[in-house]
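Paired with chain B in one complex and with chain C in the other, chain A is shared by the two complexes that follow.
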Partner chain A sequence: MRGPSLRRPSYIEICKGGIFVSKKGMSDLAKQEEKLALKLLIPAFLILIIIAVYPLGQVFYASFTDKKFAGTEETNFVGFKNYDKLLSFTIKELPPKIDDETGKQVVDQETGKKVYKSPIYVLPRKPYLYRPINTFKLFGNKYVIGSADSKFISSLWNTMVFTVCSVLLETLLGLLVALVVNSEFKGRGAMRAVMLVPWAVITVVSAKMWEWMFEPSRIGLMNTIFEKIGLGNGNIAFLSMSKFQLPSLIAVDVWKTTPFMALLILAGLQLIPNELYEAARVDGANKVKQFFSITLPLLKPSLAVALIFRTLDALRVFDVFQVMLAQKRYSMASYNYFQLISARNMGKASAVGVIIFILIFVFAVMYIRVLGVETE
Partner chain B sequence: MNKFRENPVKRTLFYLVLIIIVIYLLFPFYWAFNSSLKSESQLSMTPATFVPRDPQTKEVDFFWKNYKAIFANGSFIRGIYNSTIVATCTTLLALLAGSFAAFALGKLRFRGKTPSLYIILAMTMFPQVTVLTGLYAVINALNMDAILSMIITYMLFTLPFTTWVLTSFFRELPIEIMQSAQVDGATPFQTFRMILLPLTAPALVTTGLLSFIAAWNEYLFALTFTSIDIKARTIPVAISYFSGQFARQEPFGEIMAAAVVVTIPVVLLVLIFQRRIVAGLTAGAVKG
Partner chain C sequence: MRKGLILALSIVLVMAFSLGVMAAKKEVTIAGGSVGIELELTKKAAKMFEETHPNVDVKVMDTPDSTNDRLGLFLQFLEAESPKVDVYQIDVIWPGDLGEHFLDLYEYGAKDVADKHFQAIIENNTVDGRLVALPWFTDAGLLYYRTDLLKKYGYDGPPETWAELEKMAKKVQAGEREAGNQDFWGYVWQGNAYEGLTCDALEWIKSNGGGTIVNKDKEITINNEKAVEAVNMAANWVGEISPPGVTGLMEESARKMWENGNALFMRNWPYCYSTGNQEGKVINGKFDVAPLPAGDSGNGASTLGGWNLAVSKYTDTPELAVELAMFVAGEKIQKMRAIEGSFNPTIKSLYKDEEVLENSPFFGKLYDVFVNAVARPSTATAPKYAQTSELFFQAVHSVLTGEQSAETALAYLQLDLQDLLGYDVK
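The block that comes next holds the complex of A and B.
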C-alpha cells in the first residue's frame, strides 16, 4: 500500500533517477545536489555560529573551572571536580543501634519500630561530606542513599519523574485531542483555536495563575472544589506538602503543553494518505485496527520529533518549579539558576548545564533509535 | 473521516469527549478571566466564587478596573507592540532558515547529514540560564539593540524546532513530485518554492504558530536584554513589572487581566491560519 515514494530511495533507484534527473550522469548530478544542499544550509549554520558557538563553548569551558558569576575572584581550572562533586552518591547499609545492656537492637517505645544508627556514621566525609537523601529497606536491612550534593541528586530525580510522567501523559492526551480535532464536525475550526489556548497563555503568568488555584485555603479553586466533593478540609497545602508537589506541577505542565503535542501530532496526521484508510475499510479493518496498523506506524516520525522537543523542554523545566515551589524543591534547571544567581557558582552551574545537555542527548538518540527515524 | 455520522451512540460519545476536552483546556483560562474581574477583596473570598460576587451581598459584581488599569499603563500597550514585532520576525526568520535547511536535510543527498541534524539540535539542549551570560557577551560584542538581540537569540530555540519538524515533513513527501517538476523544466529552487512549500503548509503553519507563541511568551532572555532599554520590553517582562494601581502587594487581578488580553491576539492568529493546518498534502498531487 505504501508506495516507494514514502521511503528513501535505494542507491539503485538513485542511479535510475534521483530527485534531479540529469542526462550527464551520476557524479555530476550528485555534485550539483550536494552543492545546493550546502547552500541551503548556510543561513541556519550562520545563525548557529553567531549565537550558539561562543555561549555553548563557554558553558563547556566554565564547567571545568571554579569561575564565580559576576565577580572579580580569580578563576582556576579544576578539571572534573564540579562533575565529581555533583554526581557522587553512595548507598550504605545502616547498622542497627545496639543497646549496651541487652546487646539487642533498640526498639522505639512509642512506634515499636527498630532503631538504626544515624546516617552520618556511615556516610563518607572525604573528599566531600555526604548528606543523606533518602533511606529504604531491603531484605530486612536498612540502607541510606547519600550524596555529596544532595540537592542536585534530588533535583535530578525530581526532573526525571516530572519528565517521564508529564511527557507520557501529554503524548497520550495530545494524541486523543489530535484525533478528535482531525475528525469532521461542526466548529472544528474554532476547536483548533481552543486547543491552543493553554499553550498561548504566557508561561510565567500561567505558573502564577496555577499557584493561585493551588492556594492552601479555599481562596484557591482546588481547595474549594476538593472540599465540595468531600476531599480534605479545604486547607490542603498542595505546594508545601512534598507528596503533592510533583503531582501538582505535572498537572500544570500537562495542561499547558498538551496543545503543543496535539498540534504536532495533528500535523503529522495530515501526512497519512486517505487512500490507506479507504483500502483498510474495503478490507474490513475496524477503527481500532486501522489506528494500530496505519495511524500509529505512519505517525512514528512526527511523533519522534514531537517527543524529542517535548522531552527537551521537560528536562529543562524551570518556570513552574521556580514560581510555584521557589526553593522548596528544585528541578535541575532551577537548581542551576540557584547555583548561578544566588550562589554565584558559575563553574558548578555550567556543569549542571552540561549534565542536562548530555541527558537530553541520550533521550534524543533513544527516541530516534526506538522509533526508527531516519536521519540520513 | 465521517466516522461519526452513521451511529448516533458513537456520535453522542464523540461529542461528550469533545466537551470534556474543551472544558479541560479552557477551564483554567476561564478561571484567569474570572479572577481578572475581581477586586482584591473579591479575590480573597472563601470559598472562591465561580463568578465575581460582592463579598457582602453575594450578588454578581464585575470589577472592571483591572482592565482599565492595564490599558492606562503605557508599558502594556508598548509591550504588545514590541512582542508583535519580535515574535513575527523570529517566526519568519526561523521558518525561512529552517525550511531551507530542512529541504536539504530531508530531500537532498549529501555527506554529513546526521551530524548536521544533531549539531542543529545541540543548539537548544542547554538550559536558558546557562547560556545567558555567553549570549549577553555576544550581543554586546555585536552591539545589537534590544529588539534585534531578542529576535536573534530566540533562534536558539525556534530554529532547531522548525528545522527538525520540517525535515521530518520533507522526508515524507513523494519524490515523484519533484522529479516531474524537474522534467517540466523547473530548477531545484523553483521546485522547492512552488511545489514543496505549498505541500508542507500544515507543517509550516504548525511550526510557525508554535514558534510564534514560544517567542511571544519568552521571559528570561527578554528580561536580560531589555534591562537597559526599557522601551523594548516585551509583554511578559512588562507584566512582571506591574506594580499595581490598587493592590497592596502583587496586583494579581491586573496580571490576570493582562494574561487574558494578550492571549486574544494569539487565538485570532490561530483562527486565521488554522485552515491551513489540515490542508497541505492532497492525495491528488501525487497521482497527477
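The block that comes next holds the complex of A and C.
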C-alpha cells in the first residue's frame, strides 16, 4: 500500500480521482450515486456512439466490401480481400546475371558490383502484381522483397520515418523552448503568446506557405537562402527529389507543432515547486544535475501526455502530405485519400483506414505501458 | 421580462420576413474553375444570366486549380448525392468515368444546339447515347515562344522539331545567362506528378511515333522504343534547358515563370495568350504561339483538353440548371470568353467571327491543331481512366526525377496497366 508521497499526482490520476472508487466496501448511498452517475452519462455515450462509433463501424464494414466511391454499381462483400491485397508480400531469390560468353556472373563496369537479374522477371504476377520494395543479402545470395501494394508499404515507411523524426525533434525543441520561457525575464508574457503563432495557423494554410518557400527556383525563400550560403545553385527542387521530400515535410511539422509541445511541457514545469530547486542548490547540485534529477523525473507525466498526443497525430498526418506532395509521395492517410478519389476504391480505402486505426491503437497501448502512466 | 420577450418576438418576425423575401429567389450554383481569369468570366456570365432572369440568384463556386483536386471535390458532392451544386465544369476526360451522375441533356432539348458544336467533342461527351455535358471550351497544348529573343539570336521562326527546340533553347539560355539573367531557362512545361504531365508526356510520345498509351482497340501500346526515346528526351531536358524544378511545375506556376520573362519556350494551354498580353506584363507583345514540335513521326502532337458543363442528377431545379448550362455554353458567352480570355470556343461558326479572330488570331492560324488534337485514352479505358492516368504520370515522373530508367518504368507500366485494365498488349 503506497503511503502519502511527495510525488505530484499525475494528470491521469487527477482526472480519475473522485468518481471511481473500489467496489469493495461501498455503502448503499455510494452504490446509488454510482447508478445515478451511469444514468447521467448515457446522453454523452449516445452522442459518442453516433459521432464516433457509428462512422467507425461503417468504415470497418466498408473495408470488407468492394464499394466504389461515388459509383452506382452494386456493392459486394469480399471478406479480407482488400487487406490481402494491401499487406501481401513475398520474398524471392534473385539469380545472378550470367554472362553468356564467360559463364560467370556479370560485374558492372562502373561500380564494380555484381549484377543480378531484374526483379521484374522473378516476382510473381498472379494473383497480384508484386513490385520490389527492397533487396537484401543472406549467406551470399541476394533476395528481393516484393509487395502486392508497394505504394501502401512505402506510405507506411514514410509515415513511420516522419513520425519518429518529427516527434523526436519536436520534443527536444519543445523542451528547450519551455525551459527558456519558464524562467523569469522581461517580456515573458508576450513571448509566450508569440510562441503560439505557428500552432494557431491552420495547417493547410501553413503547408501552402511552406510550399511557396520551397519553390524550386529563386522565387522560393529556401532556395534564395541556400544559394546565399553557398549550397546548391538556387534550383533545388525540394519537393520533387526523394532525398529532400521527407526532411522538408518534417521541417514544416516541427515548425508548426513545437509550440504545442512547449505549451504542454511548460504546464508540467510550472507544477514543479521552487523549493526543490532551492534545496538542491543548497545541497550543492549544479544546474545540469538539477535538470536530470529534479526536472526530468517530475516532468515525466506531462512528457508522456505530450508524446502520446503528438505521436498519434503524426501517425495520422494528412494535410502536409496532401498539400505539398500530392501524388508524388504518400503518407498512409494521403494514400487513403487518393485511393478514394483517384481509384474510387472505397473498400480498399476503408481497409487502409482500419489499418491506420489498429496501428495507432497499438502505439497508444504501448506508450501507456512503457511510460508507466498509471491506470487503476 | 416583458421587454425581453417583445424584443425576441420582433427579432423572430424580422428574420421570418427577410427569409420569406429571400426564399422567393431561386438559387442555382455553378462550380467552375479559376485558372487564369476563368472565375471572372464565369461570374460575368452568371451576372448576364441574372439580368434576364430577375428572380434567380446564380452562385459561382470556386474550385481548386489542379484537375485532380477538382475531381476529388466533385466526387465528394456526387457520393453524397448533394443538391448543393447544380452545374459542374467537368474535364473532357471525365464523362466516361462520371457520366452516370449527370442528366441526359437530350431530354432537355439539347439536340437543337448539339449540331453547332464540334462533333468530336459531342461524341466524347455522349455515354451510352446520353449527352452528359455541353462542350464549353476546347483546349490543345501549344508552344509559346518569345519572338524578340528568337530574333535577337538570329532565328527565323519557332522550332519544327524537338531537336531544333533543344538547340535553340541551349543557345538562348547560355546567351541570356551571360547577359546577367541568372533565372533564365529555355523551356518550361508541366512536369509535376498530376494529370497535366499525362498531357505533356502524351504529346512527346505521340509526336515521336510512340502511340497513345492505350489505343482505340483497347490494346496497351505504351511499351515501345519510340515511347522510351521520347521520355528519355524529356528527362534529359531537366536541369539542362528546363529548370530542375520543372518536376514540380503545373500550368499556373509555369505561366508565372514565362510571364516574368524567364523562359524562351513554354508549353501551355491557349488561355495564356490573353493573360500574357495584359497591360503591364513584361512579355506583352513579345511572344506568339505555334504548334508543338514534331518528333520521329514527322508531325507534332497536341493533347486535346477542354472543359464541359454537366448538370447534376441530384439538383433540386433541373430545368433551371439546364437553362443556365445552355446559356453559359451558348454562342454569346463563348464569344465573350474567346475575346476576353482566349478560351477556344467549341461552336464552329465562332472560328469565322471577325471579332474573335482579331483578338486571338491564332484561332484561325492553328485551326488544324485544334481539330486534330490527340485525345487521351479516356474512352478506351473508361471507367478506370483516372487510375490509368495516375500509373502513367507516376511512371513518367519517376523517369524525370532520375529514379528509374525509361525502359524499366515503361515495362512496369505495361504490367501495371495489364493488371488494372485486363487488356492485351499490342
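Heads up, the rule we're going with is that the second predicted complex is superposed on the first by the 314 of 376 C-alpha atoms of A that agree within 3 Å, B and C clash if a C-alpha of one lies under 4 Å from a C-alpha of the other, contacts with A are read in each partner's own complex, and residues count from 1 in each chain.
Convention: contacts are C-beta pairs under 8 Å (C-beta built on N, C-alpha and C of every residue); 3 or more make two chains touch, one makes a residue touch a chain.
Note that this is a predicted model, so its numbers are computed, not measured.
By the document's definition of touching, both partners, chain B and chain C, reach A:F69.
By the document's definition of touching, of the two partners only chain B reaches A:M191; chain C does not.
Once chain A of one complex is fitted onto chain A of the other, the partner contacts of A:R316 are limited to chain B, with no touch recorded for chain C.
In the superposition on chain A, A:T224 contacts chain B only, with no contact to chain C.
When the two structures are aligned on the shared chain, A:M332 is found in touch with chain B, with no touch to chain C. Taking chain B and chain C in turn and counting the residues of chain A each one touches, the greater count comes from B. Of the two partner chains, chain C is the only one touched by A:I120; chain B is not.
Applying the stated contact rule after C-alpha superposition, one finds that A:N158 touches neither chain B nor chain C. In the superposed model, A:S248 lies in contact with neither chain B nor chain C.
Legend: residue contacts after superposition of the two complexes on their common chain; A:T257 is shown touching neither chain B nor chain C. Residues 69, 217-219, 234, 337, 340-341 of chain A are contacted both by chain B in one complex and by chain C in the other.
Residues 69-72, 118, 120, 125, 128-129, 131, 215-219, 234-237, 239-242, 326-328, 337-338, 340-344 of chain A are the ones that touch chain C when the two sit in their complex.
Of all residues in chain C, those touching chain A in their complex are 66, 68, 71-72, 75-76, 78-79, 98, 100-101, 182-183, 192-194, 239, 243-248, 253, 256-257, 386-387, 390, 393-394, 397, 401, 403, 408, 411-412, 415-416, 419.
Every residue of chain B that touches chain A in the complex is listed here, in rising order: 1-4, 14-15, 17-18, 21-22, 24-26, 28-29, 31-32, 35, 43-48, 93, 96-98, 100-101, 103-105, 107-111, 113-114, 116-135, 137-138, 142, 152-153, 155-156, 159, 161, 163-165, 168-169, 171-172, 174-176, 178-179, 182-183, 188-189, 202-203, 205-206, 209-210, 213, 216-217, 219-220, 235-236, 239-240, 252, 255-256, 258-259, 262-263, 266-267, 270-271, 274-275, 277-281, 283, 286.
Chain A makes touch with chain B in their complex at residues 3, 5-6, 8-9, 14, 17-21, 30, 33-34, 36-38, 40-41, 43-44, 47-48, 50-52, 54-59, 69, 176-177, 180, 182-185, 189-206, 208-210, 212-213, 217-221, 223-224, 227-228, 234, 255, 258-260, 263-264, 266-267, 270-271, 273-275, 277, 287, 301-302, 304-305, 308-309, 312, 316, 318-319, 332-333, 336-337, 340-341, 346, 349-350, 352-354, 356-357, 360-361, 364, 373-376.
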